[in-house]
Structure formats: C-alpha cells, structure tokens
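Can you read through this structure? Questions will come right after.
Chain lettering (A, B, C and D) follows the sequence in which the chains are written, and residue indices restart at 1 in each chain.
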Amino acid sequence: MSKQTHLTKELDHAVIRFAGDSGDGMQLTGGRFSETTAIIGNDLSTLPDYPAEIRAPAGTLAGVSAFQLHFGSVDIHTPGDRPDVLVAMNPAALKVHIKDLAPGGIIIINKNAFTEKYLKLAGYESNPLEDDSLIGNYTVYPVEMSKLVKNACESLDVPKKTVERTKNLMALGILFWMFNRPTEPTIRWLKEKFAKQPTIIEANIRALNAGYNYGSTTRILTTRYIVGKAKLPSGTYRNIHGNYATALGFVAAAERSGMSLFYGGYPITPASEILHTLSAWKQFGVKTFQAEDEIAGIASTIGAAYAGSLAVSATSGPGLALKAEALGLAVMAEIPLVIVNVMRGGPSTGLPTKMEQTDLLQALFGRNGEAPIPVIAAATPGDCFYASYEACRIAVKYMTPVLVLTDGYLANGSEPWRIPAAEDLPEFFPNFSPPDTGNGKFNPVKRDKKTQARPWAIPGTAGLEHRIGGLEKNYDTGEVCYDPDNHMKMVTARADRVKGITQDIDPLHVYGVEEGDLLVLSWGSTFGASRSAVSHLIKEEKSVAHAHLRWIHPLPKDLGDILSRYKTILIPEVNTGQLSLLIRATYPVNVKGYNQVRARPFKSQDIIDTINRQLD
Amino acid sequence: MSKQTHLTKELDHAVIRFAGDSGDGMQLTGGRFSETTAIIGNDLSTLPDYPAEIRAPAGTLAGVSAFQLHFGSVDIHTPGDRPDVLVAMNPAALKVHIKDLAPGGIIIINKNAFTEKYLKLAGYESNPLEDDSLIGNYTVYPVEMSKLVKNACESLDVPKKTVERTKNLMALGILFWMFNRPTEPTIRWLKEKFAKQPTIIEANIRALNAGYNYGSTTRILTTRYIVGKAKLPSGTYRNIHGNYATALGFVAAAERSGMSLFYGGYPITPASEILHTLSAWKQFGVKTFQAEDEIAGIASTIGAAYAGSLAVSATSGPGLALKAEALGLAVMAEIPLVIVNVMRGGPSTGLPTKMEQTDLLQALFGRNGEAPIPVIAAATPGDCFYASYEACRIAVKYMTPVLVLTDGYLANGSEPWRIPAAEDLPEFFPNFSPPDTGNGKFNPVKRDKKTQARPWAIPGTAGLEHRIGGLEKNYDTGEVCYDPDNHMKMVTARADRVKGITQDIDPLHVYGVEEGDLLVLSWGSTFGASRSAVSHLIKEEKSVAHAHLRWIHPLPKDLGDILSRYKTILIPEVNTGQLSLLIRATYPVNVKGYNQVRARPFKSQDIIDTINRQLD
Amino acid sequence: MGDKSMVNVKKLTRKDFSSDQMVRWCPGCGDYSILAQVQKTLPDIGVEKENIVFVSGIGCSSRFPYYMNTYGFHTIHGRAPAIASGVKIANPDLSVWIVTGDGDGLSIGGNHTIHILRRNIDVNILLFNNRIYGLTKGQYSPTSELGKVSKSTPMGSLDRPFNPPALALGSQATFVARAIDVDGKPLQSMIRRAQEHRGTSFLEIYQNCLIFNDGAYSHLTDKKTKEDTVLHLEHGKPMLFGKDKKKGVFLSKNTPKVVEIGEQWSESDILVHNEKDWIIASILSHFTYREDLPTPVGVLYAVDEPVYEDMMVDQISHAVSQNQKADLNSLLGSGDTWTVE
Amino acid sequence: MGDKSMVNVKKLTRKDFSSDQMVRWCPGCGDYSILAQVQKTLPDIGVEKENIVFVSGIGCSSRFPYYMNTYGFHTIHGRAPAIASGVKIANPDLSVWIVTGDGDGLSIGGNHTIHILRRNIDVNILLFNNRIYGLTKGQYSPTSELGKVSKSTPMGSLDRPFNPPALALGSQATFVARAIDVDGKPLQSMIRRAQEHRGTSFLEIYQNCLIFNDGAYSHLTDKKTKEDTVLHLEHGKPMLFGKDKKKGVFLSKNTPKVVEIGEQWSESDILVHNEKDWIIASILSHFTYREDLPTPVGVLYAVDEPVYEDMMVDQISHAVSQNQKADLNSLLGSGDTWTVE
C-alpha cells in the first residue's frame, strides 16, 4: 500500500489527550509527543493530569492518568479546551475522559483492555465498543495494542510484563503517524534513557514502529494531519516545563550575580521537581538541603541568605502556610530570599495534584503583623524562568523576601521556550558590605538611598559584627527598640521599601483596544486562556483588551490609569475572587470577577462567553 | 491636722499612671487601685504596659513597667489619653513617662531612688528634682518612700529587701488618700495572698497605711479628689480582665451546652493567662493540654473536637501563623473549635508585650486554598467573655472553626463587668448523632437544612463508623473525590455555610445620627476610643455616628445599607488599613482609614481630631 | 483503653473491619499485608469497633484509615500524634491508633512523635518504615541509609539516618517493638502487644515500597537469608537465631557480638532478653543498620509508667470532689463584686 | 570549622567578645555566668570573631547573641537549629553556635534539634536547661519534673520529662556533654570541647532561673552536697566521686549502682569512662533524674562521624571536576532544541 491511500488534512492546531492507567506511562507518552512536536516547530501547551495516588489498582477510575497537548502553527496559549483526539488505553480512561472530547472527535482505543473485568471496574454495563454509545458520535479506532506489541516483540528475550508495558509506545507511534511526526527523537531518547538495558530499548522501539506502521500499512486510519510550523520569533528553542524553568531561573540568577545558590525545602506535590532538578546541578555549586519540614526549609534558607547565599525554596499551599511565621522573620530581619509557591487545589490537603490560584491572599497577607512581601506570579511554563530570575534580582536588590506564585498546571505543563543568552539576562550583584578595619561601630541599617535596602553584612567579614533578629528595631541604629513612634516609622519603612519596587517593574502592556468596553485583567496561568479569548474577540472587532499582572505586590504604577480607561474590568481567576478583592479595594473601577474553582485551568471559550455576556 | 486643711475637688474622671522598675510591683499596684476603684462604683478602663524582658537590670529605661488607669463617674471607654497623675518610682520611670503627662499634671516621686547611679542609668544629666525641668510645668511631690517604709517597718522582723519592696504599697496608700479610696479591700487581699507569711502582710499593711497617712497628716499634698459613682446599669459587678473573661466565656459555654471543655495550646505572650486561668478550673472538668508547640496545640484541639469536646485554644500572632495549615484541616473536615488570637505588635516577634490590630487579614486569609473561617472580635475586656461564648455557640452550631480576635490591651486591661446569670446566656447543644443500630451506611455529610452543618458523629457511637480527612470530599457521600464540578460545589458550600451565620448575628447598632456626614466604623479594641470620640462630637452636634463590628466574617447583613447613609466612613485601626481594605472591596462607599501602628491603643482625642479634619 | 470497653463485646471478624473503600496502594505494596494483619487482629482485642479510631497523617501509609471500618481521620502531614493526643485525652475510653510513615512520623512529625512518647498517652503508633517518601514519588527519608540515591539526592544522601527504636527509647518511650510487613504472625502478635500496653506503644513496621525502594528489607524477608538476619526477641529467653538457633548474641564488656553455639559458646553465655531493661533495649536498638548483628524483631522494651490521661482524670476527679458545689453562677460571680441598684 | 580559620589569629580577650548592649537578664540569673564563661573561652579557640556566629531562638536564654560581639541572629522560637544549618552549609568556614533553652530547643524546636544531631552538621548547641519557661513567666517545660507546679499546671504537670542527653543519643548525636552554669572551669572546658568536636556538639548546661524555678540544681551546686551528687567524667578514668573520691559507679549486670571504695570495693571495680562507647554514654544518660546515682558532668559521648557539609562540599567538588565546562549558556540550551530563523 502506498501513502496515497490516506487522506491528508491541514490543521491550524489540534488537541490530543492520552489517557490510561497510572502504570500505563501516559505522562511519558504525552511528554514524548510534546518534545517531538516542539522540535518540529509547532507552538504548544500541555496539561498533565495525574491522580494523587501513586498507582491505584489497575483498571479503576481512580487510577486514570492523562496528558493533554495543544499544538499548532498558530500562537498557542492554552492546553486546549477539548481534545480532538483521545487515546484511551482502557475502559476507565474512556469513561473518565469521553465527556471532554470534541463532538465528532477521534478515539484510539486499546481494544485488548476492554475485557469484562476492566469494563466492570470502569462501571460499564455493556462494552462501548459494541453498543451504540460511541458509534455515530465519534470516530473510533479500536486497536489490539497488547496483542500487536506481543507480536512485535515475539523473538525478543524480555518478560511478558515488559512487553505489555510498551503498548504506550505503540499508541505514540500511531499518533506520530497520524500527525506526521518523526520517530527518531524518541528512539534517540530511548537509547539514552535505557542505555544499560538494550533489550528494553529494542522492545520499545519495536512497539513504536509497530504503531507507526499500523498507521501507514493498514487502511484503518483514513486521515493524516499536517500541522505546520508556528511563526515563532527567531531563535533557538527548547520545550520547557514550568518547574524546570523555575529551577533554571534560580541557577541563572546565581550565575549572573556571581552568588552561590542554596535551596532548602521539603518535598511536596507539585513543587518537588524544583528540588529534584536543582539537586542534579551540583556542577554549578548548587547546594540543596532536604529539610525535615517546610519550617526548617525556610529557616535554613534564611540562614543561608544571612550567610550570603542566593537562597531559595519552593513549596505548595500547605507548605506555604507552615512557612508563614518564618517569612515574618525574613521581613523583620530584611533577609533576601525567594520562595516559590506552586499552587494546588485546596483547602488543606485538598486536591494535591491539581492546580488552583487560591493562595494569592495567603501570599499577600498570611503572616502576623504588617509584613509586606513582594509577590510575582508566572504566566506560562517558560515565564517561570523569568519570574524566578526577577524575584532573585529584586530580593537581593531590595533585601527582602520575595514570593513567586506558579501553579500545578504551569509546573507540569510545557511550551516552546526561546533560549535566552546568559549575557542578555539583567545583571545584578549582592550588596555585600566590605570589611571594616577601622574601629567605628558598624551600622547594620544604613540604608541605600534609592532602594532603602540595608547593607548585606555577611558573617566572615571583619569589623561588621552585629546582631539582628525578629524584635522591632531602631530605625537609625538597628538595635532592639520598643518605642511607639519608632515602630510606626519602621512599619512605614517596610511598606515603602516594597512599594518602591515599582521603580523596577515594567509598565503594564495592554493587548487590544487602548480604551473601551472591557479589559480582561489576568494573573498567573490565567494568562493563556485570557489572551486566547481576547485575541479571538478582537478578531470579531469587539472593544476589548487584555492586561496581565506579573507583579501583584506592588502593583505596577500605571495600573490604575489603565483600568480607568475601560467600562468593565473582568478578572478571571481559579479562586473565589482574590485579585478582584485587591483591585476593588485599590481602584475605583467596575470589577467583575469570573471565578471557577474546578482545580483546572480555564477554557478560553468560557472566558469568551463571559466577556460576551458582559458586553451584551 | 484635720481633714479640712485639704482642698477637695470633684472630678468626672481622672487618669493615673504608675511607673517603676519591673521589680517594683507596678502591675500589682495598678491592679489593686483598679479593683478598689471598681468596688466603690466607678467606671474604669486600664492599660498595663510592661517590657518584654522579665526583669531588666534595675534602674534602666528598658526595665520600666507601667500601669495606666482611667476611672470616672461617667462612662469610661478608654484607659485615658494622658495621665493627670504620674507615680514615678525611679528616674527611668520619670524619663520614659513624663512626656505623656497632661500639662500641669501631678507627679508623685520616690525621692530616694533619685540617686546619682539611677539618674545616670536613666540618662539624666542633672537631677530633675533639682533643676527646673519640672517646676512650673507640673505639680511635683517628691516623697522619701524608701525611707518612710523603713521607718514604718522598723520594729518588724523582715529582711531589708522585703521592706524596700513594700514601697509600692506606700505609693498606693498615697493615691488611695488622694482619691478618697478605702484601704480595706487591699488589706483583705494582702491577707489572703500572703496567708502563710504574716510578717509580709504586716509590712505591706504598714507601708499602705504609711502612704495613706502621709496624705492625711502632712500638708504637702494639698488637694483630695472625689470621683463619684458611675451611673452603670443595675446589677452585680466585678472588675474583669480580658484574658480572664475569655477563659470564663469558654467555661460558661461548656457548662451551658453540657459539653466537656478541652484547651490545647502553647504559652505565648499575651495569651498565656487564658491557659493559666483554665488550668486552675479543673473542678469544672476542664482539660488543659500544654502542647509542644502551637501546631500541636491546634492539632490536639482538632482531635478533642473530633472526639466530641468543646475544644478551644488561644495564641498570639506568630502562633496563629503556625496554626494556619491545621486550621485548613479544621475547615475541610468541618471541625468545630475556637481559636483566640490575642494580637500583639508585629511582624515576627515584634513588640511581644504590646497590642496591635494587625492580624485581621491573617485571620481572614492566612491559609492555603479557599478556607473561610468565621471571625469575631471582642470590643472590650468584658466583651471577651461574650465573644468567646458566642464563638463556641457558632462553632458548634455550624460545625466550623471560629477565630476570636482580642489584643494585648484587651487581654491585660480591665473594666467593671456586670455579672450575667448563667440562665441568661443563650443555650446551645452539640448536634451529636445518635447511635445507629440498623445496618444502613452512615452518611457523615447529611447536612442540617438550616445551618448546612454536618452531623457530629463522635467516635464511640455505635454504627456511625466513618472516615474524614483533609482531601476534598464528595458533596453527597463525604468520600474522597477529585471531580472538578464537585470541588466547585464544595468550595461554594463551605463559603455559603459561613455566610449563613449572618442569620445568627445581631443587626448592627448605630450610635449617633442615623444618616449624615461621617460614620466611624470600628472593630476590636478600637471600640472604646471611637465611642468616646463620637460621643464627644455628638455633644457638639456634629453629624457623626459610630458603628462597631463584632463579626468581621461574615459581615452583618445590614452593614452595606448602614454604610450607604454616610458621606464618609472613617475606619480607625491600629494597623495599616486592613478592615478598610475589606470594606472598600465589599461596599461602594467612601472609606477613609485612620491608621496608626504604634503598638498601643488610640487616644480618643486623636480620633476626634481626625473626624474634625474630615468634616472640615 | 479503659476497662469499660473490655466487656460485652460480640465477636467480630476480619470482614467487620474492612471498609467499603477501594484500596489504592500499588499492587504488591507492603501496606496491603499490614492492613490484612491489623484487620485480622482487631477482632481479638476485645474492643467494639465504634470505640476504635485510626488517625493518620499524609503519605501512602497514611491512607490506612480509609480502609478500616472503624472511625478514621486522615489528617495532615506529621500531625497525627498531636491530633490523636487530643482524641485520647478528650475520651480516654477510645482505642486510638496512629498510622504514620517514616517521613510523616519522623521527618515533619518528629517532634510530635517524641513528645507523645514522653507523655505516655495510651495510643498505639504503627510506623510504616519503607525508608523512602512514597507518596511524593521517591525522595529519601530520615531512615534512608547514608548515601541513598533518590529523586532529591542523585549523588547520594548526606544525612545519617535515624534509628527509630533508639529515638523512641531516647524519648522516654515505654513500649518499643518492631515487626516486618510480610511476617504475618509476629506482626499480629506485636499489634496485640501494642494494644495491650498501657501508655504510648511504638511499633516500627518494616514495609516494602516496591515502586521507589524495592528490596529494602529483602535480606530480612528472603527465605534464604532471613534466619540469619532476623532475631526474634522473647522476654526471658536467650537471644538465639539462625538455622536451628545456633547463633546467639553475647555481650563482651558491654559490646554485643554474634557467637556460634558449639564448642566455645553455650546457650548460657547468650544474653537473655529482658523487656523491662532499658539498657538491654538500648543495646538491641543499636543492632539497626549493623551488618554484623541480626535485626531484632519483637518487643524491645515494655515498662509500666504513669499514663498522661489517667493522671488528668485523677486531677479532675480530685478537683471536683474538693469543689462539690462548683457551679457556673458562683464562678461568674467570684472575686470582689459590688452591686449597682 | 575549616582549618583555614585556625591560623593567623591575633590573641583576643574576653572584652573583645562583649557587645555594647545592656544585659537584660534578671540580676542573679544563671545566664550571666554562662555568658561570662563563653566570653572567656572564645579568645582561646583560635577563631577570629568575625567568623563566629551565634544563632538563637526565643527565650531568656536566646537573648544571648545580643551580648556577644560576634555575628548574632536572634531568630524565632525553636528554629535556631534549622537556621544555623543554613548558615553553616552556606559557609562551612564559620564557627556556628546555637543558644537555646529547654523550651526553645526541646519543646517547639525539638524536631530541628534531633534532625541537626542526626545530620551531624558541625555546629555547637548550648542548651540552657532551667527546666522552666522563663521568658513567658513560668510555665513548666519538657524538662520539668513530673508533678511540677507551675503557672500552667497548678495541680502539677502530667508529662514525664525528656532526658536531654538520652534524647540526643537517641538522635544519633556524635557529641553529648553536660555542664553547670556556676561551675566555671568545667563549663569552660566543655565549651572548648564542643568547639573542637567536628559534627554537631550538644552541650546541656544546667542553668538556674531564680525567678521561676530557683534552686532546681541547688543539690548540684551547694557546697555541702555537690561532691556527693556530681560525677565529673574523664575519658579513660574510673567514675569516682564524693569527698576524697571514695564513691564509684559499679555496673552489676548492666545495672549501674553506687558503691563505696573500701573493703568490699576497690577502684578496679569501678566503671571506666569511655567517651567513644555508645552504651556507656547511654547508661550515663540514665543517671539523670535518678536520686540514687550522681549526675554526670563532662563529655558523655564523643565520636567522629561523617560531617554533613563536608560531604556536600565533596559532592560539589566532584561534580564540578566532572563538568569543567559547566556554564550557564550550555545549561540554558541543554536538551533537545530547534531553531526558528
């Protein structure tokens, strides 16, 4: 059979979702598809979605793990509203995900998993491959994946279990064929990953090829899709995940500032990969300290910063709550450090593997006393790099702790990322005080005129011996002081120093009409869906615009002015209205909140609908 | 000499301040004056002010401890703006406190302490009793207290040190004479307190009498003051401190609801007395558990509540920060408990023995995820009783954690308190589920229609075995559930249950004009200064009013309506504008914040001036 | 447990203790076997199931309460001992069990663990020690061996591990025992002993995490080696182990070593176990991680000491008996009062 | 301490280590005497004062850093060990000292204390044990004796106290010692030993709080009794004490008891101290709170074990040497990349 027997269709963009058991390797499959897609020049955005359990019993609804990917030749800002193609490795995966599929979408199924046992576990009364629940509504391709990989690996000396496990590569091969993607990068990757297990490599390659060939040699799949290169700005790109980008931002900040990087933290989903990533970069002198808990995590970070390191930590909601008291100490003692909070579904343990934007007010106010801390939020997986980098720069320049907000979606999601040159990253330097050989008494609070930062007098520097702590201190001398007027002065000084950071913040960029009916004001990962929605409506010539906040404390200087130019400010948030509260309290504008707390990112269609409702 | 040689002056109210070394017993002296003053029927308000150190070296500025008392025949709402009489037991005390004295005020001084050494320690270059710094500006009475008590106790077999220590009783005696107060209650108290040390009793009584006689027999003090009884509502009264009142409120709630009281907490200034007080009430079956830290404090409280106790805890700012994560669990698992936060100066360790109102936003938002918790704030020392009582009632009725905010001033301050009859306190009962002997599966989330409270199914009840936890749960079954729509439903349900408490909240009371130019909106201990200020201006026929918020979350239903009737809403807070932020974000009204963070309560004059500036 | 609950209990079976929740551990996880042993043992302890409470923190192990048809509370990371303390003090009649992991109970929850041991509150701690963080996917834990290669320590961990029995003994524990997940009978008997002990019982259970730390205890569970590596402790009995019990522990100047019973050494040279001897327990605790010594399993230490909640109940009864007429109105009106007409 | 700081130090005096801050403890507090001994000892340890950091938590004792003319950080309650860990790991050349109290270090900070001991980070912990909460005005602490009447326990406390050396040993400590506030010379020598030890040094200092717990150690400091109650430990020497050293510690079947040297017992029967023997140290730790045994003072235990930050430095050097060309641009551009023109 020749290639011509298949139809070829060109697409702007497509959304695919891989779903299967936790043990089926769906995250890996999605990851490989993403990498390949990135390399061939599509723009893309991904959304992994896995259960809180490590490996719930096979075949159960609770055990389903999924990975969604949106890619295109056009600008991609979100992982996609609904999949066009669903890969379902078992009945449970089909059951959980079918409802999200676009009408008429394609379903690729591992037919061998549709046994009576698994159907029952998934709660199917009859086999959907046999009854009429799918037919007509979707294009279904049942593939005997388990059987086909068994055939492919027949001659190989590998255990049955291993063979069975390669079926995800089979599925990947089918999709590669379907979307015209090369298999080589994956083959290369397999060879690296399993360098010491050649038979494993071989089995996986065979499964991958079996899948690809299944597409090309059978007539079952009728259509191939072409998704052209995206028109990205020129440069060298890589596909980057949010947590990796965060870690990279820290190392970059350390390298650029000539400081030594210290990470002190405690593992917590979905932030742990930041620790994992940094712990593998010892060649950059990175010191990672896995503490006994989050309190020790931030405490060690405070200690390392006090001693002159670029000190950072990462955690998620419950961990940030535990760090609250120590963050207050960092404020009081004016310790430069950066804490990343990868937000997840709450409250309490909540939905630990899902995303949410519900920690904004905690970040702003979750401490005793008046304890202002700058807060920056990353917009996309790649922006995690710049947010963590900028947080380091501000922390060191203003001698203050800084909080970076990302979330589970940004952390695990990925996008093509234009690799910056180290030289293009803004330089900065720690303001270490030089040794003092005279015998004058060192003043630990002699502040920088412009930034109001205290000098960073690190232990080991002769002549600068001094004492700091968590008690209120005299404005002029830094000594412990309980005087009421001095306290007021210090409360104001701490607030002003943080407000002063506005001098370092880029003015807000407005996308769309300069004044008009409605401005969507987003923060954090809501960026993508908001930008997609607004760009869609701009094409329809609606009077709308989009502005995105990276710094939430302090707010950019020009924000009030910009907000005043629109009749309505729409703030979409995956919380009950936390930024809305802040904006309402700060500016006399007409704020409408669009709030959905479903522990997953917005669909851009939802935002489009909401804007349209507002404009009516 | 007969009484007639002294002038007698009638006063509406007077403010006195005792100041001396930490070891001089100023808190005790002030306390005795307050109790006596209460008993004879004045209204009063007190403000103890002691250093963070236990006993800083004698004679130093850091070691000065003070106690201020405002009493009168009129309504007293604050401890007074500036003292009319200052008792200064040493130069340091004079130095620290002279600047607050009302012009022309009276200073009573222990002349014997004005030695060269102590003058130097206090930083006096010349003796203020000899130079002209005081003369003319104040009425100064230098009394040789140390010498006089030595004389008085000459024949007694007590160590010199003990005699010297009685000089506070001497000062007290002078003030008792000056303000026409009986010495008997103090004598009675001394006899009880030192029951086992008769010579100590005797020495102190002699010192007290020596002071009283000093007034009556010398001509040095020229004027006696009469402050008549206050026109308080009829009833039996006692003088009550805030922390004691809080503890009493808890026991009352336990007794009235027939529950057993559990307190789990960790000592922290200025909340520790709540633990101390409760630990002495074992006859009421009160169980107090001094935990290893604040986290274990709230954790044990959660455990006790889960097991069916009326479970409470108290802490201060840094401790509340530590409890944040566990409070989230209490929200998620719907555990009824009450946490009191006695606010102190922050951030971090801050000014641990001073007051502040800076934890409001922490109380509202200091947790991960959307974790709404009702927040009530006490207005006066006596109101701490009702606030803690009401918090218990709401916690149990709505199956929710409740936060009570008080502060260091309320905690240590006191006022006359009309003793309620137990029978008049609102009754309430825990909604314990009865045993289930049938074999139906128990549903732990079958909610009360009116309150949306889940049933309280306590361990030990047959047939109700069930599991709860910190993961998101199914709205209908209570089982662990990660479904997006269910999560949204639960987030909303948790918020609505707290909002529903408005049905249980008294409507807001407005004092002053029903609509007009300006409404002062206060919360917490700002009540007193606000009420004084507004009542003063009402007398001047200004168009002003005062409303006080006890519940801050949820806000009372009629608040928006009331606020809309005034041109300006003035919110005085000992923070940088936390309630202001909330009100601005919630109601479209013109909010002006009056914010002073001096770690001490407002003076009513400051509020008067601020109102006047607004009205201009 | 109060005596009260010991009477009038109808005989339950293992099934009565299984909840209707789907067990979500990885197939083959050691937690399954511990669950089975607990469910098998509980019918025999003479406590109605409504009087049993399982409290856990966070971790794979901490999912345990969901699978028990008793009262269960899956709380937050590390805080189970403090929450359980509140439960037990509030209602001393309950049988309170803590299920925790090496991360939950010894890392973030270390302080609560040592403090509950010191207080001797009558609860039973089951510490599932798999020497790894399971739920967060494989970081090293405070019981991972030095040099452990894990997700967070690609070049090997740098901290010396805790020795859980030694830590417990150092925290004034009154009951310290150890068992192995797959050794059903000894595990059952340790569960029973833990329940019987009045005061805090600390039972360390070696548990295999086959996903992130498979084989951590294979030398103790492998048929080929286990007789030579596991020392089953029995009170009053010499510490013999090995095939045909031909090896024994000998104390030479306070230093333990293994000897072979035969010509040079006889049974009478072998150290006799005494559960009540703190020093023997300390010595045994130091066998952990030692390759030249067997791993003790069973009760290392068990003594009677005052129990926290007993004393609290006593204080309250005493206070109540001294203040028969303690009523709310008199408390409200205590101290100096005055009346305004 | 790295070797680096051992050279080229000009001789400082006690005064060089006194800051200009007014000392604010109660007159007569045991903390004064500890401060004096530390200030007297530091000039001799061969470290420049700019390389010395005192980190403390919260409590009366934790005010200590204010009075030292070195670097000082008065942090938050209980967290000093974790903060100090960060300081030391960030800069292993510093001499890092933790000053903490029985509440700060064993109650709220207990977890950080046991974890730093396990990690063996080279810092020196001075635990001022006054068996009370001083700064918060007199609640009982985790080292207060059972039945302690205090502000929060008017009828007596219900929890059995920690035994700090036993807890430290149970936490894998590598150096455990004890001293008494008013016994200047032994205290100085323990400060020196703590500094010399590589790894975490745990020095418990009995300290009198004359306001809230006066006389807690009077039997150990009172001239009339102290010879009979204090056992000064010396490595390699028999454990003798009492007037004329006529009493000694004898181990009878692992059970320590006091015997009189004379007819029945001779010096050779007496247990010889061995700092490197964990079992002896454990036995000694159990003398605490025992009225029939003397209170050991001096070094109970001191062994060399791998030091956390040493290993970290090694790992980094190794990684650096393996990746000579590790530069930021290549890291930024690592992995699969593609170019858009």
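Quick note on the criterion: a contact is a pair of C-beta atoms (placed from the backbone, for glycine too) under 8 Å apart; a residue touches a chain by one contact, two chains touch by 3 or more.
Worth saying up front: this structure is predicted, and the values here are computed from it rather than measured.
Peer 1: With chain centres set to the mean of the C-alpha atoms, which chain is at the far end from chain D?
Peer 2: A
Peer 1: Report which of B-D and A-D is connected by more C-beta pairs in contact.
Peer 2: Greater number of contacting C-beta pairs: A-D.
Peer 1: Please compute the C-alpha centroid of chain A, do the same for chain C, then give the distance between them in whole Å.
Peer 2: Going by mean C-alpha positions, chain A sits 39 Å from chain C.
Peer 1: With centres defined as the mean C-alpha position, give me the chain A-chain D separation in Å.
Peer 2: Computed value for the inter-centroid distance: 44 Å.
Peer 1: Report, in whole Å, the distance between the mean C-alpha point of chain C and the mean C-alpha point of chain D.
Peer 2: The mean C-alpha positions of chain C and chain D differ by 29 Å.
Peer 1: Two-or-more-chain contact residues of chain D, please, as numbers and ranges.
Peer 2: Answer for chain D, listing residues that touch two or more other chains: 58, 76, 107-108, 110-111, 115, 142, 155, 312, 315, 318-319.
Peer 1: List, in ascending order, every residue of chain B touching at least 2 other chains.
Peer 2: Only 52, 282, 292-293, 318, 325, 328-329, 333, 348-349, 469-471 qualify.
Peer 1: Looking at the complex, which residues from chain C come into contact with chain D?
Peer 2: 107-108, 110-111, 114-115, 118-120, 142, 146, 155-156, 158-163, 166-172, 251, 254-255, 277-280, 282-283, 286, 305-306, 308, 311-312, 315, 318-319
Peer 1: What residues of chain C sit close enough to touch chain A in their complex?
Peer 2: Going through chain C, the ones touching chain A are 22-27, 58, 60, 63, 76-78, 107-108, 110, 133-137, 139-140, 142, 151-155, 157, 211.
Peer 1: Spell out the part of chain A that touches chain B in their complex, as residue ranges.
Peer 2: Within the complex, chain A contacts chain B at residues 51-52, 316-318, 320-322, 324-325, 328-329, 331-333, 345-352, 354, 356, 358-359, 361-362, 364-371, 469-472, 482, 484-485, 487-488, 491, 494-495, 575-576, 580-582, 584-586, 596-600.
Peer 1: Contact residues on chain B for chain C in the complex?
Peer 2: 35, 38-41, 185, 229, 232-239, 248, 251-252, 255-256, 260, 262, 264, 281-287, 289, 291-293, 295-296, 299-309, 311, 325-326, 328-329, 333, 418-422, 435, 441, 458-471, 479-480
Peer 1: Considering only the defined contacts, which chain A positions touch chain C in the complex?
Peer 2: Listed in rising order, the residues of chain A that touch chain C are 52-58, 60, 62-63, 266-269, 272, 275-276, 279-280, 282, 288, 290, 292-294, 318, 348-349.
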